[in-house]
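Next come two complexes, and both contain chain A; in the first it sits with chain B, in the second with chain C.
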Partner chain A sequence: MTADLIRLERRLATPRWLMLAVPAAAGVVALLLAAIFLAATGRDPISTYRQMAQASITRDGALSATMITATPLLLTGLAAAIAFRMRAWNIGGEGQLYIGAIAAAGAGLVVGGQGLAVALPAMCLAGMAGGALWAAIPGLLRAHLNTNEILTSLMLNYVAALLGYYLIFGSGSYWRDLTSPGAQVFPQGKEIAATSWWPGFLAPGVVLPLGFLVGIACAVGLFVTIRSTRFGFRLRVVSDSPRAALYAGIRTKRAFVLVMVLSGALAGLAGVSQVGDFAHQLDPKGLQGAAYGYTGIVVAALARYNPIGVILAALFMGALANAGLSLAGSDFPQGLVGMIEGIILFCALGGEVLSRYRIRVGRGSRALASVVASDSTAPAPRVDGIAGEGAGQGGAEVDMGTGRIL
Partner chain B sequence: MNDGLVVQLLASAVLFGTPLLIAALGELLAERSGILNLGVEGMMLVGAVSGFLVSQRIGGAGWTALLVAVVAAGVVGGGMGLIHAFLTVTLRANQIVSGLALTIFGGAIGLSSYIGDSQHLTGQAARHQFEAINLFGLSDLPILGPVLFHHTLFVYGSWVLVAAVAYYLYRTRAGLHLRAVGEDPAAADAMGISVTGYRYVHTVAGGVFAGVAGAFYTLALSGNWSNGITAGAGWIALAMVVLAFWRPELVVVGAYLFGGIAALGPNLQARNVSLPPELFSALPYLMTIVVLVLVSSAWARGRLNAPAALGTAYMRGE
Partner chain C sequence: MRGEHESADSGVVLGASGVTKRFPGVIANDQVDFALRRGEVHALLGENGSGKTTLCKILTGLYRPDEGSVILDGAEARLHSPADAHASGVFMVHQHFSLVDNMTVAENVVLGWKAGRRMRLSRAQIEDEVAAAAERFDMFVHPRAQIWQLSVGERQRVEILKTLYRGAHTLILDEPTTVLTPQEAERLFESLRRMVEHGGSVVFISHKLPEVLAVCDRVTVLRQGRNIGTVDVGDGVTDAKGLARMMVGREIELGRRPERRGRVGDEPLLRLIDVSADGDHGAPAVKEVSLAVLPGEVLGIAGVAGNGQRELAEVVTGVRPRSAGTVALDGRELASGSPLNAAKRGVAYVPEDRMGVGLAPGMELWENLLLRAGKGACWRGPFIRRSNGIAHAEALVESFDIRGQPRTLVRQLSGGNAQKVLLARELSSDPRVLVIAAPTRGLDVAAMAAVRAFLIEAAEHGVAVMLISEDLEELMDLCDRIAVMCAGRVTGVVSVGSTDVEEIGLLMGGVTA
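Then we have the complex of A and B:
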């Protein structure tokens, strides 16, 4: 039997300060690691970070630009948070966002001329329905045919992206602009009527897109739903203790599909806001380049799957993503932002361990080993999760059931 | 006879299937130890760009350059596998999220793009490429010749790899221990097998395989580097492991089947079949879903054979 160099002892309770400190530390450590990498590959990390800070925070209009990228990340972050919190591994947020954008652009083109009062609800409904249906495919396949939702939802991302490309580049579809001179040279989407562009709201020093406010409403709604309603309680039971849910007579398959649909609708809404707030047309290439769906997973993990935490994480990641997008093409290193996002996720995962376990380093004595043994007799923390601590906290416990991978 | 559509399709099925085969074999090793690694796509992309970078920069004869490039791709892939192993085995982090992190870190918006961009690799013509070899003079055979025996050393190497992995898994003591760790880590631990050690070694091995599989794209398939060159092949390789019931000999079947589907578009387009190219591009993903559904439905459940401890962290006494 090997004595491991690093050993973990389960904490009985997570100190409250750690829950905030861990994600914050993850962001800082990730930026430090990326700085070391930049220096090692012959770039000046300080000037690179200064460039990023200017593009996202300090320059005129930079904060408003950050809000534009934070908005879809808030919504895809919520989509990933609700799904992952309930152990529905929906990594199809990317594709659900595309479908949401396609549906919303379609609705905006049809009713855009009738003003915002008609177009806004129409676009939202169409986009949410599109995202929800796209997510229902892996949801239903998982619930009824036991097909691994990780792989199916991911495959559908590529299909959705190709559908978007087909509509703009591969056909003369309703979405494509076939008349304006620019579009003759390079294919692009038809623009929706300017009267139906979503308004921004002026706050001190920053313009808040309507989509961001919608996202905050969704975050609060989700938080309350999970924490304080019977529906939310049932979802928590199903995810934290499927066996208990079965005994209680909760329909677990239906709950799973509902979570997937809800997650898909939120991701679809991210696509809607991309059309309404920002692009005003279907822009499949732009959506794919931004990769908001995948980044939403980083946002959710950084927020520890807590809807309120997602708001903060989305602002931070939005600043990062905006720096990557607005500096692209200049002498700014392509791919840096994705790397930082990946490292943030590594650090958030590593930090997760800090809040769940005490870490002992070095080959310890027998006394320590007995502490480990006595720890294991403590009541299983998963039971605490059902009793309903906080919305996001059970997410820390996530692990995969055995059957999950099929 | 050797120029017919079917023959060309079969030949390119082997060609396009090879990276899937290599990556899936690696993932199979990791999953047999109980570690699910969703980072295959990221590891492949970083392997693809690193292999290309090394082969472009290194001097000397073509063969040595290519060999060093493939080794470099494997080392980099293995290094990424090590990150996943550290997070999931030592720190017991969630395997799904950690694997996704690896793909985001390495993928088309991450490290692979950083290397390709900062080293100005996009658009460079390859200095060295694997050339097709007439194996034992068999490539002149009708049908079988072009399909099986007119390929690069890479392809022949992948066949050796399948045999080696199958032999290792079913016929060696280490393979037996590996399966024990994946099925019941507590029992394996009680037998004195190092669960941590086996999981580390095989997760890293999975990374090495994925890195090498990625290098296939730049060194044997396309002759250049472009961002996101694997286009989701890593994810299809992951599905391949499930479709093959975690058995190396069946991975071959799945890989060549999907290689054929991936090759369908280019081959038909070369013959001026006018269907939307997006449809052909979507076909591998749609077919993956269809086959996953078939495999996972009740018909096959009894024989599915997934490692029982797949995706779960192990902690002694918990």
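Then we have the complex of A and C:
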């Protein structure tokens, strides 16, 4: 019998107050940790934090800049959240975003001259369909050939990126601008007609891109779908207990493919918004540099895969990215920026783990109360913590909040 | 003071004095005194959740008591780990075996045993030692057999041999008979008596009254973490009824099938003809099974676990496709491998694995009640009507006496309440056939009685019930006829009125009449 010093035990029940307390505590801890680093490298933590707050929130236009970064993150975050929530490990949001952008740029170039009323739905449909199809590939492979969707969806990201590069840098494709003088020097995408650029909406002190509003609508729609529709109900059964789903007559393979398709469509929409809201052309290099698809996974994790939470998490990540941009400079190395961002994310996600698991410190073991209280013939609740059977008893018990998904 | 039963403390090989153990929100043991004398089989009797297992984990050093102390060989002892208990010869055999499937009996016996470690293990010597120990306690298993080749009863013997090889003189057996056929259980009791004759002592955890009365010298009853009393089995006063009253704190009438009142129809409602099906690994698990169940009849399916009963249930309920034969309800064939079709035709299923197959444990109670209902007041087009769903759940919680709220996560329910949720869902759909497996396994007496009552009521309403169970007692109480399965085949169908446990036990072993 080993007596581990620290063990994690999954929580059964969920005190509600901890859902607020944990993120708050994580934020404080993160700021304190980062302050140590800043002080150690000879910088004033307070002024650095003030600068970060200004760049992401208080300065003129800072909020709007935050929104611009948050918009794609909101959509890719939703894409990852719905997939992960249903245990479809779609890592391919990045590639689905590229394909969405390619399809949307194509649609925008074709119908852009006919005005926003035509171009907007055309771009959205094309982009979502593109992303959905791209995600359907790993989905179908998993459902019918039992391949690992993590690997296949990830690999398709590179394929999608290369396709984008080919269209702009490697060929004289329909997407590439072959006429304007600038494009003669450096290859770039054809710009869609200005009449079909997506409008921004002016709220007090901030410009909201149309894509952001679309994202909020998607988040709400997704929340309602999961919570209150037959489709969402079935998905939840499949993710919670595939065998129960099978017995309830739910076609689990189809459900899996549908989740992947839905996730891909949302990631594709992020690509659409990149073209319609901001770039107005296919810009594979810009998309790849931003890596919104991958960051969306972090957003989803921060939000505990809750669609409404994704809105907040996307704003938070957008603000963090902007703050980081403003800090970087000759006297403030990029590495330190990454360091601060990393500490903040680490604390936020670490707090998440602590909220879902209970930590036990000290020699010994006590199983979950209900496991022990019931005799061993009763079906014991699954303990998926890293808990092993230890020896003895005692030790401090640290409760660190809790989290329930949806 | 070997053999001197009446001497009080000096003969105590293992005991507890005022042991209290608290878990968050629960007192698992409350001032429990317990004394195991040398040379006795002492039963720890109690419902699930009464604290039997907690007490034994304290006695073997897995837990430390919050208050009170453990007594070893008449003296107070502090156990820091099971190793301390092992050093004093106290071992516990858990319900779930810890054996390595593709190693031999002898290898499993010495596996991980440090105290006897020699520079070189002599295979032959170990095998001889194991065989000798097996001989002495009448627990023969071939030392060179690999674990996967053994029956469950034989595996249990290996677990016990393991402890004896390590010098056990005090054994704690946690519900050892759950996995055994009646014959195997009888053999186990025989071995326990041998052990006691050799000066060993046994704590026998159980909630089955007949076997406690059959094998034990004394019984300590626990209820809600308290020691209700210790009685001598041979005192002429102690009987099953009295023990049950001590266990539950009130009179409990376990439902029995009342006399048939000619309700059973003549036309079979459910008919299986030459049904075969493959198991999870592709090998045939059900072989040419033909059965018929009349409306209002309870047909039992007996057998040692893993002889095709689960697969048979899955075939009838459409979860598992059949490879040959027909399953017909009311003369019309059921589609193979379609749980949806089976559900539509009125086949209800309460599987053995409640959490995970029957229920989605991470979802709320009311949602689980909707799992099989595609239509009705709780749905409107593509949407769930939450308020109706919750009201629906409230009504069922009330009528099935489920201790839980509609919004409770099913994972948080006790075994008995989870089973009631399942029954509520399946029976509220007005089934014509009910396939139910191990309906009372792991339930306490009160829940067991309730589940039995629901089952009987369903049969009274003309439902054809297929009851799969390893608990012969239960089958005898509830069934009209019992079909016995062995290695995927039905080895015999007997009428409950004209059979006994002995005959069924033989059929379970594959001996056809």
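FYI, the second predicted complex is superposed on the first by the 294 of 406 C-alpha atoms of A that agree within 3 Å, B and C clash if a C-alpha of one lies under 4 Å from a C-alpha of the other, contacts with A are read in each partner's own complex, and residues count from 1 in each chain.
Simple rule for what comes next: contacts are C-beta pairs under 8 Å (C-beta built on N, C-alpha and C of every residue); 3 or more make two chains touch, one makes a residue touch a chain.
Here the structure is a predicted model, which is why all the values come from computation and not from measurement.
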Given the touch rule stated above, what does A:Ala117 touch, chain B (first), chain C (second), both, or neither? neither
Would you check which partner chain A:Leu163 touches, where first means chain B only, second means chain C only, and both and neither mean what they say? first
Between chain B and chain C, which makes contact with more of the residues in chain A? B
Just chain B (first), just chain C (second), both, or neither: which does A:Ile150 touch? first
Is A:Ala194 touching anything from chain B or chain C once the two structures are fitted on A? First, second, both or neither. neither
Quick check for you: in the superposed arrangement, does A:Trp89 touch first (chain B), second (chain C), both or neither? first
Let me test your reading of the model: by the given contact rule, A:Glu341 touches which partner, first (chain B), second (chain C), both or neither? first
In the overlay, answer first, second, both or neither for which of chain B and chain C A:Phe231 touches. second
Should A:Ala40 be classified as contacting the first partner (chain B), the second (chain C), both, or neither? neither
Using the superposition described at the top, list the residues of chain A that contact chain B and also contact chain C. 1, 372-373, 376
Looking at the complex, which residues from chain A come into contact with chain C? 1, 3, 12-13, 228-231, 233, 236-237, 240-241, 243-249, 364-366, 369-370, 372-379, 381-382, 389, 391-394
Quick check: in the complex, which residue numbers of chain A touch chain B? 1-2, 4, 6, 8, 10, 41, 43, 84, 89, 91, 141, 145-148, 150-152, 154-156, 158-159, 162-163, 165-166, 170-171, 291, 294-295, 297-298, 301, 324, 333-339, 341-343, 345-346, 349-350, 352-353, 357, 372-373, 376, 398-402, 404-406
Chain A partner, complex, touching residues on chain B are 31, 36, 38, 42, 83, 87, 90-98, 100-118, 189, 192, 194, 196-197, 231-232, 235, 238-239, 242, 276-279, 281-282, 285-286, 288-289, 292-293, 296-298, 301, 304, 306, 308-313, 315-318
Within their complex, chain C touches chain A through residues 23-26, 28, 46-54, 57, 61-64, 80-83, 94-95, 174-175, 178, 207, 317, 319, 338-340, 343, 349, 351, 353-363, 367, 370-372, 374, 379, 382-384, 386, 411-412, 414-415, 418, 441-443
